[in-house]
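Each structure below is given as structure tokens.
Shared between the two complexes below is chain A, which has chain B as its partner in the first and chain C in the second.
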Partner chain A sequence: MLVWSRSGRLLIWLFFALIFGVLFLAPLAVILLSSLADQWNGVLPNGLTTEHYTDVARGAAWNSVKASFITGFLASALALVSGTWAALSLRLQGQSLKRLLGLLFFIPSAVPSVSVGLGLLVAFSHPPLLLNGTIAIVMIAHFVLISAFTFGNVSAGLARLSPDFEQVASSLGARPAYRLWHVTLPLLAPYLVAAFGLSFALSMGELGATVMVYPPGWVTLPVSIFSLTDRGDIFAGAALTMILVAATLILLLGLERITARATGS
Partner chain B sequence: MSEAIALHPPASRKEPGRLWIVPPAALLALLFFYPLALIVRQAFLDDGGVANAGEIINVLHSRFFLNALMNTVTISVAATAGCLIVGLLLALILAFVPFPGSGFIARLIDTFIALPTFLVTLAFTFLYGSAGMLNSGLMEVFSLPLPPVDFLYSTWGVVLAEVTVYTPFILRPLLAAFSLVDRAQIEAASVLGARPLRIVRQIILPAAVPALIAGGSLCLLLTVNEFGIVLFIGAKGVITLPLLIYGKAIQESAYQVACIIATVNIALSLGLFGLYRFAASRLGA
Partner chain C sequence: MSAAAFTGSGVTDIDAAKVRGAGSNVHFDKVVVAYGSHVVLHPLTLDIAPGEILAMIGPSGSGKTTALRAVAGFVRPASGRIRIGATDVTDLPPYERGLGMVVQNYALFPHMRVEDNVAFGLRAQGADKALIAERVKDALGTVGMSAYAGRYPRELSGGQQQRVAIARALAVRPRVLLLDEPLSALDAQIRRNMVEEIARLHRSLPGLTILYVTHDQTEALTLADKIAIMRDGRVCSHGPTTELYRRPPNRFTAEFLGRANLLPVTVAEPVGSNGFATARHGEAVLAGAARDERAGDKSLLCIRPQHLSLTADAEHTNRIVGTLREVHWQGELTHLVLDVDGTPMRVSATKLPVALPEPGASVPLYFSPADTSLLPEDAGV
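Right, the complex of A and B next:
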């Protein structure tokens, strides 16, 4: 406790509530409210309706929910495999190579997403690697952008792992493959689940690279929200944003519970 | 360890385990570093594939580029400063003047990291837009003919949105650093008569400096790269480098210009990334 007087503390909490309310609570609340708004001409909506949600569920917007889920799932799964693979095999390298490669695996997270999209367009618009206009290029863009986060999460997990278990397994005669599958990976599981959840969430919200490379038939949620609001249909855009937020939160909370149960904490 | 060396011959260069790094590294090289190199190459070639380095000079001196660069730097610095101030204030209260439910609130703010950034801009349109809640309210109360609040479609609208989105990135390392501050030291200081501000200055702030530097440089990087917020605000006067790249490549199909700007943007981002890594490793945050 830094502040002892009751009035002082109340004043500080009021201040906190003000910042928190204006910066974090108000945006979420207003998106929820507008997704349910009938018409909005004054301070508050004139009436409430679930029409925007039913419109969204019936229209082309539903395809973008599917596109986002499939893209997010496949890109995160690939990023999980490659990130875990990279983090595990990096342990076998010498000190200086380890540092250099570790840095290189992080760089995709530092480059602006629009440039990642631009690079893919420049690289894969000509045969023999003609991917421009396919769904694959969207998956690749998402994979590249989230791979650094998966790699980072798994590396952090590996760094915290006590080496004792692996050493005991080796000294008892476990072969490397057996040790990896039955000792290292199960110990890493909570970090793998967390990495998968975070990269899925990031992929669902990805806009910069997607908007550069997406083909007409594969419009992800953020792109669809942008074209709705750009056309002036902001209420439908808000409804679709709420679907995106709800999906992200359910995903993160669900994975957190799985992790908590697995680690028994 | 010496026993192991005695039993086995010194590790030869052909040690099989080392090659396991090749598949993920090759994948990253093909899908990320190769396209990145092509962006730089394309910056020197016009859209017909003929070498045209003169265009680089033209673009670097052009008004639209300099404007976008200026906007990007201004927004990034202002938003980072805002994040540092707001993050520090919130973290101080959450850590040292906690209230019932403050742990939950801290986690709620943390989930903003996973949410799409344009959400905040969309919400700001409803809150502060020309037909938004704030303006309608003020117009009703003071019977004004025109909306009085008009900052959303300017640089400041983008800055405020970015402060909301990126403050959690400051809050997270700060709360971690504050959890290590010895509470007994604070209590002793306040029993001895030190005022809260002095305790913050002399005990808490020194502990927060590494987290502030690491979090601040991460914020600089992320705000330079930010795209969704600026795109959704859609103000004509607020064009940043990522938005300019999108406009040139997709709307104008001017790939060489887009690649020149992208090269500058990537160089700026990598410089800031280097700063962040340096700060984070140097300060152990």
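Right, the complex of A and C next:
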């Protein structure tokens, strides 16, 4: 413990509560209150109602939830497979090639998501790569944006994995595929789950690229929220945001439990 | 099946017909390992006989682990060949070599129970379920871990994990067991017990060839039939354990393998019919076991601290006089440090005279010619 005195610790906790409350809790609380507000003309809502939730549920909200979940799940799964594959392959390469390819993987995360969307729109608007107006282009956009994080997470996990495990497995007669399936991947499981969870959360909140490429009938939650608030329907937008937050939280908590059970921690 | 069943001749279920059925001796034939232009293992030629425990010892960076990893297949020699039995394994992948390996941190698979860890190699090789169950039971029984089959590695102590790691390596019935600093992570007391357990284990599996890499000379002296001492990527001495300890061929070996007093002497008379040469240190005329030293050669007379006595008797016919500098009582032993004409001499004694001299006093030291060995003075390696 860095601070020993009781008053010092209290001060640090107060400072933490202030920062956490202002930066994290206050915006969420405002969104939560907005989603339940009957009318809001003063400091606090004039009354509370669940009407906005029933409205969005009656409207296209369910379709948006479905679109976001499917997009997030498929893009994250694809990013997990390719990121893991890339991390495993790059591990065997020389330092300079590893650094160069690792850097290339991270480039999309440094480009604004709107630019990624624009780039995909231009690239896939002509035959034979005509994906414009399809669900596939949304998946690709999400995959491009999240794969760097998956790669980063898995690479970090691999770097922490002692080579002894795989070498002992080999010496006992395990061929590479058996070793990968029964030793390497199970040992990487916490990192794989974390990578998937992060990718999924990023995908669920992705707006910039999606708004450039989404086809009619595949409106994700962030696009719906953006549309609603853009039209001035702040309360409905807030209700949809809370649905997005809750759905993402439930999934992430579920993944955490799976990891804890798998690793016995 | 008893523990002795591990000594069978087929010895491996590995899916490599090339390996199966061959002997279990290991032969390094001019093996060189280099990383780029940096040579970490200079041409190494060495034999490990079937059923033998060879301990490779040496300081960090001496190349001992590299040699073991070359046998395991994790390091590819730049030149030279490695044979296990009649099979040249130099170009075989690790999973086709028919080995068992135990490493310093055990590397037990944390997501598998003890029994699954032990069964791993057999499952990887596609053995049938009945055989796996039998072998797992045998291997765990051999290391006394049958009661822990259902536990996860994290639920075991360090010593127990080490036993499981050994059981896992034995379950595949390897022809050669590679032990890479297997006891380094254990505390001193458990390490001593484990050394004794490994010795017992090998007595029950006399056909198992073991390459044991360690930096701990006590482990090597206790376990090994032969020792290879490595230095700077080269073997600087190799031979039967007792021979190497009693008659070290060079200064590095004498000092690395146990503690040694090295007294500078000049050979007066070469080795006679009794096997001893006569050498002079100042006024003292000393007899010592010699090889082919000639009269006038500058040599070092190697005497182990426990072979020096403060009292004379019929065997301890050599006598030198030193000045007592330090006395360190350590319970079972008392260590004395004396100065003999500028050469520090250490004495480890279990029994001391009732009236121990004070530091600064002249003290005669006696030792038997049979407990000495003459080394060439200029041989650093």
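Quick note on the criterion: the second predicted complex is superposed on the first by the 246 of 265 C-alpha atoms of A that agree within 3 Å, B and C clash if a C-alpha of one lies under 4 Å from a C-alpha of the other, contacts with A are read in each partner's own complex, and residues count from 1 in each chain.
As a working rule, a contact is a pair of C-beta atoms (placed from the backbone, for glycine too) under 8 Å apart; a residue touches a chain by one contact, two chains touch by 3 or more.
It should be emphasised that the depicted structure is a prediction, and the values quoted were computed from it without experimental measurement.
Once the two complexes are laid over each other on the shared chain, residue contacts for A:50 go to neither chain B nor chain C. Counted by residues of chain A touched, the larger count belongs to B, out of chain B and chain C. Judged by the touch definition given at the top, the superposed model places A:222 against chain B, while chain C stays out of reach. Once chain A of one complex is fitted onto chain A of the other, the partner contacts of A:105 are limited to chain B, with no touch recorded for chain C. In the superposed pair of complexes, A:41 makes contact with chain B only, with no contact to chain C. Legend: residue contacts after superposition of the two complexes on their common chain; A:183 is shown touching chain C, with no touch to chain B.
In the superposed model, A:249 makes contact with chain B only, not with chain C. When the two structures are aligned on the shared chain, A:12 is found in touch with chain B, with no touch to chain C.
Within the complex, the chain A residues that touch chain C are 162, 164-165, 167-175, 178-179, 182-183, 186-187, 189, 262-264. Residues 1-4, 9, 12-13, 15-16, 19-20, 23-24, 26-28, 30-31, 33-34, 40-44, 82-83, 85-86, 88-90, 92-93, 101, 103-108, 110-116, 118-124, 140, 143-144, 147, 176, 198, 201-202, 204-208, 211-212, 222, 225-226, 229-230, 234, 237-238, 241, 244-245, 248-249, 252 of chain A touch chain B in their complex. Those residues of chain C that touch chain A in the complex are listed here as 13-15, 72-74, 93-105, 107, 109-111, 120-121, 123-125, 152, 154, 168-169, 172, 178. Across the complex, chain B meets chain A through its residues 15, 17-18, 20-21, 23-25, 27-28, 31-36, 38-39, 42, 86, 89-90, 92-94, 96-97, 99, 105, 108-109, 111-112, 114-120, 122-127, 131, 133, 136-137, 140, 163-164, 167, 186-187, 190, 196, 199-200, 221, 224-225, 227-228, 231-232, 234, 241-243, 245-246, 249-250, 255, 258-259, 262, 265-266, 269-270, 272-273, 276-277.
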